[in-house]
Amino acid sequence: MPVPAYSFLLLSGVLFTMGAVGFLVRRNPLVVFMCIELMLNAVNLAFVAISRYLNSLDGVIFAFLVITVAAAEVVVGIAIIVQVYRAGRPMDVDDLDLMKE
Amino acid sequence: METLAPFVLLSPLAGFLVNALFGRLLPRRVVGWIGAGSVGIGFIFSLNLLLQLLTGAHSLDQTYFTWWQSGDFSVPFNLYVDRLSTLMILVITGVGFLIHVYSIGYMREDPGYSRFFAYMNLFVFSMLLLVLSGNLIWLIIGWAAVGLSSYLLIGFWFERPTAVLAARKAFVMNTIGDVGMVFAAFLIFLNLRVLDFQGLFSRVHQLPKGGGVITAICLLLLVGAVAKSAQLPLHTWLPDAMEGPTPVSALIHAATMVTAGVYLVARMHMLYDWAPAAAATVAVIGGVTALFAATIGTSQVDIKRILAYSTMSQIGYMFLAVGIGAYAAGMFHFMTHAFFKALLFMAAGNVIHAFHDDQDIRNMGNLRAGLPITFWTFLIGTLSISGFPLFAGFFSKDEIIRAALSAPGTEFWLGVVALVTAGLTAYYMFRLFFIAFGWEWLSHDERHLHEALPVQTVPIVILAAGAVVGGYIPVASFLTPVFGHAVDVGTGAFIGLAALSVLVALIGFLAAYLLHARRPDLAVVWRTRLGPIHALVEHKYYIDELYDRLFVRPGVALARFLNDIVEPRVIDGAVNGVANFFLLEAREFRLIQTGRVSSYALWTLGGAIGVVVVVAAFLGYLPVRLGG
Amino acid sequence: MVVGFAIVAAWEIVTAAGVVAFRKPIYNALSLVANMLGLAVLFLMLNAQFLFAAQVIVYAGAVMVLFVFIIALMNPESDVALPRRGSEWIYGAVFGVIFAALLVSLLFNRGLTGRPGTLTPEAIAAVGNVQTVGIALYTKFLFPVEVTSLLLLIAAVGAVYLAMRRIR
Amino acid sequence: MTINLSGIGIDYGAILPELVVAGTAIVVLFLELFVPPDRRRWLAAVTVVGLLGALVATISLWGQNRSAFGDTVIADSLAAFFNVLLILITIATVAISPRYLEALDLDYGEYYILILGATAGMMLLAAATSLMTIFLGIELLSISLYVLSGFARTALRSQESALKYLLLGGFATGFLLYGMALIYGATGSTTLRGIAAFTTAASSNAGGNVLLLLGIGFLSVGLAFKASAAPFHMWTPDVYEGAPSIVTTFMSVATKSAAFAAIGRVFIATFPSISSRWYFPLALIAIFSLFIGNLVAITQDNLKRMLAYSGIAQAGYILLGVLPGTAQGFSATLFYVAAYSLMNFGAFAVVTAVAAGGEQTAELSHWRGLFYRRPFLATVMTIFMLSLAGIPPTVGFFAKLFVFQALVSAQIWAPLIVAVIMTIVSFYYYLRVVVIMLAAPDEAVVEKRRLGIPTSTVLGAAALATLVLGIFPAVVLDWATRAASLHF
Amino acid sequence: MSWYTLPGSVPWLTLSLVIPLAGALLVALTPGEVRRVVKQLGVLSAVITLVLVLAIIGGFQHGVGNLHLQFEETLRWIPSAGISYHLGVDGLSLFLLGLNALLFLIAIVIVDPLIPRLKQFILLLLILEAATAGILLSLDLVLFYVFWEAMLVPLYFLIGVWGEGQRVYAAFKFLIYTVIGSFAMLVAILAVTAINFSQTGQLSFDWTVLVQHPAAGIWHLPAGLGTIGIQQLLFIGFGLAFAIKMPIFPLHTWLPPAYTSSPIPVVIVFAGLVSKLGAYGFLRFNLALFPDAAHSLGGLLAVLATIGILYGAFMALVQTDLKRLVAYASMSHLGFIGLGIFAGNLLGIEGALIQMINHGVIIAALFLIVGMIERRAGTRDRGELRGLAATAPLFAALFLVVSLAALGLPGLNGFVGEFLIMLGAWASFIPMAVGAGIGVILAAWYVLRFYQGTTQEVPPQPATFGELRTADVGVLAPLLALMVLIGVTPAFFPAAVDATVKALPVLLR
């Protein structure tokens, strides 16, 4: 019995939500960043699954691009986080509130 | 037919302009004679008009330019000359001229000499405009100009707070009248589509006789007339108007302003004939005012105020006359009144000058010796106003009383009122005469009083002549083309009524003689005995106070309430409330910007949830269904 | 097949929970690695061998090493030392549950509506999985790939700028 | 299977402007190695020259309709319109940059590379006709801007702004991608042409397609984030405030323009058949943006934050033009985007110029009496404020007029009424700036600081254009109409 | 008037807009230090404008032209949006144009050359003149709106920078208030065009097009709250802008602070002209485009106008600040204008039209006088002023004439307008006319309090109040001349405006 397409979408949705929740609840910027990766991975799962079930290659390529871009983003993101770290600020996104109302 | 009517107007206008613009540059003599002369020239032109009318012309109506023309609202500037207006302008310019001449002497030391003459000329011009105007708009313009002139002259000595207040009072009261007139003009135009007199008189019969419209028109006109002529209930400005220089009082009371109301009713007699209820109102107001003012006159001690109330009273006679349809009688009395009232005021002016501007009659006396001409002319005036036989006042007043008594119905009672008033008139005038001019005029007094200059006495003497012989001028027959024939009364009734009025006048005279010449102590006794009534009368029935409580104070209180409460709290408060609401909301919404990444992401996620919800709603998974 | 999917799905969820819930960043990172490896397995199940390799090499291999390296560089205990603030967990959980519930209820038993293409597993297998992807990358998706190269260049420039200590 | 390139439309002419911009970035990258540190202005000059080249290349694309690279990108009037706009913004930004960077000791060559990278990404976004290129365009511009936000590396605020932007941007990208995946699943295609073919087909019942609607919803979350429309706007004030002023200047206008290009392509060109589905959420986003942006702006004491909120509000107005889904509405949107770019760029550029003059803070209190100290800056600022408020004769008025006209024609009343009320509120804060500049200065210092020719030229030109387009808007409106009409 | 025919090839109306702007440009290019030159440039351009406008008035032909519009100019502007540059003048705008030019000339003449930033002041005044002239001349609704809003900016700065007291607050309040109305109008403008487009298929903001097809139809309120006529809605949209600008009670609370804070040259044009633009707008747009709504809503507005008459009069009665007093007096007078307009008949409207001129002349003169008092006495508190006539009789005399005109004395210009307005109102709603009559009586009261309270009684010693100078007489003289001229022979006025007013759709209904 083949796995129905929607089960991959559901799994993807759950993983996406977990990533989003992690983003909301975690305060270490590195962990928050990891949660973004989790969300992107969830999206990739959806892309690949759809690609498989629709017999098209677009999703795979899209996922490939996402992986690449995510890597680039991580590089930049880590660089920024390191900057903040170098400035001696605590590793807590909630403490980064020099700018607020 | 070409008339010289514009020149009657232009002459005092020119005098006004010259004195107003260049008066301060001209020598005083020149100013004075320009002022008087311009009116005198106006009198000569008036005589020319009289001649034209006597030689056949019925009336002269000439249009000079269009004032406004749109749709059927067309107002020309036209002058309408008939016997009524001619009589008026003759008196205005004639008596006015004498008053001007008198003023040359009277005002000779006043710093505002040229201003005074400018105002006086403006006054005469305004009155002439009022009288000569051939349409209602220009009559109203003249009407208001008269009010303005009176304002200027009453407030002539503007350093005096009382004069300033009196002037304002006069103006505001007159404005009430003006508004009434304007409303009357609206009704006339909207119902008859016409505002010039000839058209009006020819169309007035299109309205139902005695109907609401014509009655309303006449009553609204009456508001104007009452305000201008100081009749009840808009009379309170007139006594205060005594704040002006005495020649002004003479002008206002004798020749010009206060008689405008009488003229108006007479001019509009076709309307009043068509509205009996309104005419009756006129008569009642006149009769009541006559009595009312006369009673007040009995208790005043200011010489000019007594004369002022006497004017009110006499105008009341005239109102009574025109109200009952005795227009000619009213106009006749207007003329004789002009003579003797101008005379009385100017003589009083001499007295006041002699007493260094003291106007209290109780401080006066010994005038026969000091001011003989003034004394005798004043006596003539007093006799004339009191209706002593063969004096001018006798004839004119008698005609009114006769007309009232011989009329049927309630008007009879008005005649009785008029008769009583005649007695009171004799009483208060002689009271004035006895107290001010002194019963002790036979004895000598240490005070050295000086008779006025000839330029002041000559006009008085001329007027005294008028006050004596004015009664023999056939005014009634002169005005017949305007008003038609007066009611004819039998000789017997004539003599009987004349005797009756003479008798009444005599009673008044004797009472005055008894109380103020023979037994002054009795006057004191009676005054205490009549305490409350006397106080009531002395305080002019508290009407000034009543108006103050009823209108002035509530008005100011309302204004303060609006200014202090309504404007800042209610109206602006609502506006600021809205603004504050937004500011408050803004501060609330501002707080969502916490600076924390997680809360920002929460909003994003919330927005995403919102999107999902909307999708669900579109697809029908939610109770609320969106879209199609 | 279904059983395999179920096992991997459970693995995915557990490791994702680890990413979210572990308090030490290093554990989070390791959970993420585990999660990504599981995902790679799913890719295999979905006949995407090329992506399986890319996922393992790029993500698990490169990206996560970077993460771990940085965690080692910085104070690994910092998150533990942070004062607890409960409200985020509540908000996060509530919003997450609502979001997931809505999503799941909408997607459950929902088929894909898109028109299927021609690249069935069989057609791909005929050419070879990696070959197919490679050909697509350099033909149909040439432009996106080129853009990605620019993107990587810019990211490199940016990261170098930020990270380098310059002496002027 | 052989590699066959013939069927996919390799057409480098169609992406020439983007290529020139990217090429310029690489040229600057190499040049930077050789240019001595005190001659970095040369890099700015090279950048401007490259951008001018891109402008020339763009003009040749006007009026064409060249879909290239397997429908992933297109060269049409809409793309050309945005290319011109974005290139002009970038040129202006680069022109005023050196002075500011030198004042802050930030004059590194990477700045120009990143600006060029961001520009390339935005241009790509405007030309993108595939979900992939939309995603890549957004990421290209985002990554560049993440770094640019943190360009003042040692400034805490700049770092913080970069980190916030990065994290929240990544979060939003997740939604964007998830939406794209769902759309792909629903339609089986990643090109807009393919998706449009699916949705417009009568058999598809696109209006009832869960996947598609969810996908569109998440996609719009991502795009609204980039356009900083509420409630996805939260990053905007903080990032704008913390980023170096010059970067804020650039991104406040350029990002939004590019995002609206994508919004136009997605909603108007791709999903016209289900406009009744996206109208409602989009209207809500517009109303929410108008409400939050205008309301919170009135309490701001920091000019950059105030302008950030104003930008949120302006995003609401621009979005209003999309709502009717008509050519008239979209051309109004385009006109508004152009007008917004002009006036908001000007406003931020003044902030930058003031900051470069030594006042490192954008607190409003420091602007007291600017009219007396620096009359030129205050005057042009006044013009921009009036334009943002929408008072004629400035371009901002016509922008609002055309959008409102489109709404009235489409009988869309509720958003219009909110917009009108909020516009009135907006007068309060825009004019407050003017009021403060008018207030008597605390001390009567008359500083005569030179702005520099490039800055004064750019500011003067922007102010002049604001006025001239406020009197003769027809030219730009015609361009916008033609750019918008291609899809209908 | 049509005393002569102006050559048609010259864009006379555009010239009357361009000349002040050219003057503004010249002023801008002049260094601010040469104050004399700056001011003379301003005066010169205002004089040229006045001469030009007088030439236009003289060349205006009675009852000629498409919709009685003359000197029409049409240029393409934004054709794709249906917007054109269309100017024209008719009976509604003709004399207001003259008033505009006259008041700005006076305002610029009386500018004190020693004020700070004189150059900018003159500059803004000239721009304001062009904007107000543009409002009067525009026949395209968007063009009108552009001028309408553009007027705010110079006014805002003139009050906010050169004002006194709470100048910034006042300017702000004025602006926000005005903008509320403006945006309501903007929406209505768009709607009216859209409706016309749907009815006729012609996308046009042109007044001459729109006036021929009054909007029709019913609007169903959401949630079954009933229906409202489209015309009524549009009428309210336009009316809000004009009612605030006039202002009509209770939308007036911006007025006292704005007038009080304005410098005298500004308040002359502000009170003298700008308020009239609201009334003009009612005539030009509300009565012309929405005749049915004008009938159904006219009564309500007439009531508000009458309340305004009385309210303003009562407020004026108790003010001690003379500027505030005149401000409320102005409000009361504007109530008359409103009443005439909403009476909706020939005489009421013509009365309102001429009263607009009268009010401009009178209020300008009153504010000039307040300025003269303040400059000489150093205060404008009525409690501290008295006896000015003692040392300045000429001043008192001229002041008196102005006061009399203000209280509507027959024979001066105020009467002409008030008479016609009340006559028109009487024909439509008698109680309103009676209320207005009470307003006239109150006017006599407060104006005389104002006049007497300042000029009369014994002056405080030493009396230092200076007499008028030639320049003061020079600026008052044309206004006084107009007061007398219009009061005595106003016939030229209906001759020029009759055809236009009679053609107003509201009268044809």
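Going in written order, the chains are labelled A, B, C, D and E, and every chain counts its residues from 1.
Basically, contacts are C-beta pairs under 8 Å (C-beta built on N, C-alpha and C of every residue); 3 or more make two chains touch, one makes a residue touch a chain.
Worth saying up front: this structure is predicted, and the values here are computed from it rather than measured.
Q: Under the touch criterion given at the top, what is the topological distance in steps from subunit A to subunit E?
A: The distance in steps between these two chains is 2.
Q: Among the remaining chains, which ones contact both subunit B and subunit E?
A: Both-contact set = D.
Q: Please identify which chain has its centre, taken as the mean of its CA atoms, farthest from the centre of subunit B.
A: Centroid comparison gives C as the farthest chain from subunit B.
Q: Which one of the chains is closest to the middle, using the mean of its C-alpha atoms?
A: Minimum centroid-to-centroid distance belongs to E.
Q: For this structure, I'd like the pair of chains sharing the most C-beta contacts.
A: Highest contact count among chain pairs: A-C.
Q: Roughly how far is subunit B from subunit C, centre to centre by C-alpha average, rounded to an integer in Å?
A: 102
Q: How far is the middle of subunit A from the middle of subunit B, if each middle is the mean of its Cα atoms, in Å?
A: Chain centroid spacing, subunit A to subunit B, equals 96 Å.
Q: Just the number, please: Cα centre separation of subunit A and subunit C in whole Å.
A: 6
Q: Let me have the rounded angstrom distance from the C-alpha centre of subunit B over to the C-alpha centre of subunit D, please.
A: Averaging C-alpha atoms per chain gives centres 78 Å apart.
Q: Could you say which residues in subunit C touch two or more other chains, in rising order?
A: In subunit C, residues 88, 91-92, 95-96, 99, 103, 106-107, 110, 112, 114-117, 132, 141, 144, 148, 151, 155, 158-159, 162 touch at least two other chains, as defined above.
Q: Out of subunit E, which residues touch more than one other chain, so two or more?
A: Expected reply: 176.
Q: Residues of subunit D touching 2+ other chains?
A: 132, 136, 139, 143, 146-147, 150, 153, 163-164, 167, 171, 184-185, 188-189, 210, 214, 237-238, 296, 299, 428
Q: All pairs of touching chains?
A: Taking the chains two at a time, the touching pairs are A-B, A-C, A-D, B-C, B-D, B-E, C-D, D-E.
Q: Which part of subunit A faces subunit B closely enough to touch in the complex?
A: For this pair, the touching residues of subunit A are 20, 23-25, 27, 32, 93-94, 96-101.
Q: Report the residues of subunit C in contact with subunit B in the complex, numbered from low to high.
A: Going through subunit C, the ones touching subunit B are 88, 91-92, 95-96, 98-99, 102-103, 105-106.
Q: Can you tell me which positions in subunit E touch subunit B when the two form their complex?
A: 176-177, 250, 252-253, 311, 314-315, 317-319, 346-347, 350, 387, 389-390, 393, 397, 404, 407, 409-411, 415-416, 419-420, 422-423, 426-427, 433-434, 437-438, 440-442, 444-445, 448-449, 452, 455-458, 489-491, 493-495, 498, 501-502
Q: Where on subunit B is subunit E touching in the complex?
A: Against subunit E, subunit B makes touches at 20, 65-71, 73, 115, 137, 140-141, 143-145, 148, 155, 158-161, 164, 167-168, 171-172, 175-176, 178-179, 182-183, 185-187, 189-190, 555-556, 558-560, 562-563, 567, 571-572, 575, 579.
Q: Would you mind writing out the residues of subunit D in touch with subunit C in their complex?
A: 1, 3-5, 8, 10, 15, 22, 25-26, 29, 37, 68-70, 72-73, 108, 110, 113-114, 117, 120-121, 124, 130, 132-133, 136-137, 139-140, 143-144, 146-147, 150-151, 153, 184-189, 198, 204, 209-212, 214
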